[in-house]
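All chains are identified by letter, namely A, B and C, in their written order; residue positions are counted from 1 within each chain.
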Amino acid sequence: MANDKSSMQLVANGILKENPIFRLALSMCPAVGISTTVMNGFMLGVAVLFVQVCSSLTISMVKKVIHPRIRIPTYTLTIATWVTVIDMVLAAYMPEAYAKMGIFVKLIVAFAIITMRLEMFACKEPVGASFWDGLGMGLGFMIGMMTIGLVRELLGSGAILGYDVLGFKPLLFFILPSAGFFVVGLMMAFFNYIELYYKRKKGFKS
Amino acid sequence: MNLTRIRLVSLVALVCAFIPALVHGQGLISKQSFGEKNEIILKFSAEVNKAQAANVSNYSVIEEQDPDIRLELASAVPNYSGDGVTLHFKQPLNTAKTHVVTVSNLSGDVKTVVKVSKPYLGYLFSILISALLINNFVFTKYLGLCVFFGTSKRKTTAKGMGVVFTLVMVASAMMSWFFFNFILIPYNLNFLEIVVFIGLVSLTVQAVDTILRKVNPILFNSFGVYLVLVIANCVIIAVPLMMANNKFNLFETFMLALGAGGGFLLALYLMSSVSERMQFAKIPPTFKGLPIAFIVAGQFAMAFLGFSGLQIF
Amino acid sequence: MKNIITIIIRLTLSCLLAAFVMGIFFVMTSKAKKHNEHVNEEKVMYSLLGYKVGAPVPETVKLYAVYRYIVTDPAGKSIGYLVPTGQGAETGFSFIILDLDGKLIEQKPVTVTADDAAEAESRDKAIKAALGAGKEAVYADDKTIIVTDNGARTAYLLSGKFAGFKASISVMLALKTDFGIRGLAIVEHEEDPGLGAEIEKGYFKNQFIGKSFATLKTLDVVKEPLPDAYAKAMEGVKGEDGGKILEQYKDHAIYALTGATISSRAVTNGVKGTVAKFAYRINILDNVLKEQHIVVPF
């Protein structure tokens, strides 16, 4: 991770190459638990994006003052602060969406992805780069959540964003709680397949 | 060997938690319990007049939270030997609530008041079972998945992780309970709960780390590596949050933490058993690694759905 | 040693900073939270009564809240109700204490404004001041709203909370004056999506609409497929004889949701219990108000 990466590259890196859900396989709990609709995925995505960007910025700004021995506690404290903030804001201004996400907003505090980005990126890089990296990671998480939500909502209840598009319910199974594992597993396999396909193609060319 | 010691300690702690539950009624009534759906069974310490015992107006039964609503009695049937009575109600009783039975005119003018509730022991046990099986944190609440998939490759790893996790969980949940009830609630600082709980978890992990290193270096060598992973597990923060949400008391919190830890151990063990077998299976290249693990976990989750609605007490 | 001191100082400083940030947001959001909760509750209430969102509610319609307390004094327990009293311009609040048999013990005027009465904290304080020492009143988390139109009672709104399949379910009920059900709204639940969460869908919760008090007492849950015509009529799909179909199933048992019998049963039993308790209490309260000639606006 050098400084020469442009901001767009950093964002794209978070969304595609190091997508937190499909590539890094971190913070899987909400991906399985509450990804039953696109809206749920979007809302939690926004919350994670906020926490990731704010924490990255904070740590990047104060990185010189942090004593190396209390690095991890400082990260935890920062994340917990921003999680509390977004938790209170969501509870106040979007009570309905908040009720659907239940305990998961508070659990962002234990997401491995955020701590990992702080440790690997924000504590070394300047403020600007940290911001773009946090944004990329947050967006990557949000897009991953929304993709799973899209598949589950479309196949499970025949709707997108609550609007009935198919007119019938293809497979109720997909919005049942345990289906989250299957959907995530199958989608990971799908991405693996694409990767293998391109590798093979390249292999034939060279 | 060390595992057996840990098991022994937790067993003793369990028994201690149950002792306060073994308190019974007083005076005229020696034993009281719920019978069928709309029955309360009373046992007297001495024989009573059967005609009096059968008189419905001698009893008044209320739910503890609703003292103004008398439950309507259909009949009171004394048993053959005259030292007990079964009260039949017109409506089914809500056995989850504590009922207060007032008996008058049976032994002089003295009114006897007893509380009827499900055995507290059973209630505590139901919390444990619920956290362990019905609402298993991994398979039905979808928490702690990162660590779950990371450490369920081999049985020995799974066991180690599960045991360390349960210990840290119980310790941190107990501390969280004290902090929540004696600091956060009295000073109206509920909004700090996330920070306080995560802080306590880190503190517990650090403490266990230090103590284990000094007291039992061998155990530390085999289990120490898992300690770091514990902080990154959402179950450990979910338990105090649930405790705060449901306003559990100390014993209930203990059972919840024990059930959550035990459930995590169970899930890890099941998953690792399958993983060990899967190494010899022919898996399509696209499914190797995480995808197949997710599919297996999904099947476990469906199996665990079968526990839903399970009621023992 | 010096190291440890710097670490401690820095950690304390960052903790203070974090607490400061959180405190600011807490103060900022707590007001909005209360306001939004209130708005939400009102929206649910009016939609249950049949007023559309956005459409103005007629001025003749008035809502009066009655709060129930459990009063404890050395003699034992009694029940207290905070009711609005008086009619027209002279309105106030009274705390009416009843014994467990439903006889009036005493009536105490409470000096509190209508806005303060709606707030749990200020209400408790006002009641405590009115009661004086020796008696303790604890809010029983039971609020009933009596709806009047032109001074005549038209409906009751009550909230209930009971155990569901996973966590507790909160509902709001609208009752007719004869305690038949006018509407049911699921306010909060944590049931499984696709299974128990269907309780908030029209085709389940609207089954309760029109059930009379007598039917409700013996209402059962059946595991039978929901008739298609009935489901459509409840979802509000405009059909020729929607009203007739609803009428036909008026006294029918509740059709359980597929794969969520426990949730269906929980809601049915919860609604039954809530209505039964409410009917019992409001009758007692009405009797006392009538016997003691306490003038109330509802």
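By our rule, a contact is a pair of C-beta atoms (placed from the backbone, for glycine too) under 8 Å apart; a residue touches a chain by one contact, two chains touch by 3 or more.
Here the structure is a predicted model, which means the values were calculated and not measured.
For chain B, the chain whose average C-alpha position is most distant is A. Chains A-B form the pair joined by the most contacting C-beta pairs. Between chain A and chain C the centroid-to-centroid distance comes to 37 Å (mean Cα coordinates, whole Å).
Between chain A and chain B, the centres computed from C-alpha atoms are 33 Å apart. The centroid of the Cα atoms in chain B and the matching centroid in chain C are 29 Å apart.
Annotation for chain B: residues 191-192, 195 touch two or more other chains.
Shared interface positions of chain A, i.e. residues touching 2 or more other chains, are given as 73, 77, 80-81, 84, 88, 177. Contact of a single residue of chain C with at least two other chains is seen at positions 18, 22, 26.
Listed in rising order, the residues of chain C touching chain A in the complex are 3, 6-7, 10-11, 14-15, 18, 21-22, 25-26, 29-30, 32-33, 36-37, 40, 188, 190, 192-195.
Across the complex, chain B meets chain A through its residues 139-146, 149, 191-192, 194-195, 198-199, 202, 231-234, 236-238, 241-242, 245, 285-288, 290-295, 297-298, 301-302, 304-305. Those residues of chain A that touch chain B in the shared complex are 25-30, 32-33, 72-73, 76-77, 80-81, 83-84, 87-88, 103, 106-107, 109-112, 115, 177-182, 184-186, 188-190, 192-193, 196.
Those residues of chain A that touch chain C in the complex are listed here as 36, 65-67, 69-70, 73-74, 77-78, 80-81, 84-85, 88-89, 91-93, 95-96, 99, 102, 156-157, 172, 175-177.
Of all residues in chain B, those touching chain C in their complex are 62, 65-70, 91, 94, 96, 135, 191-192, 195, 308-309.
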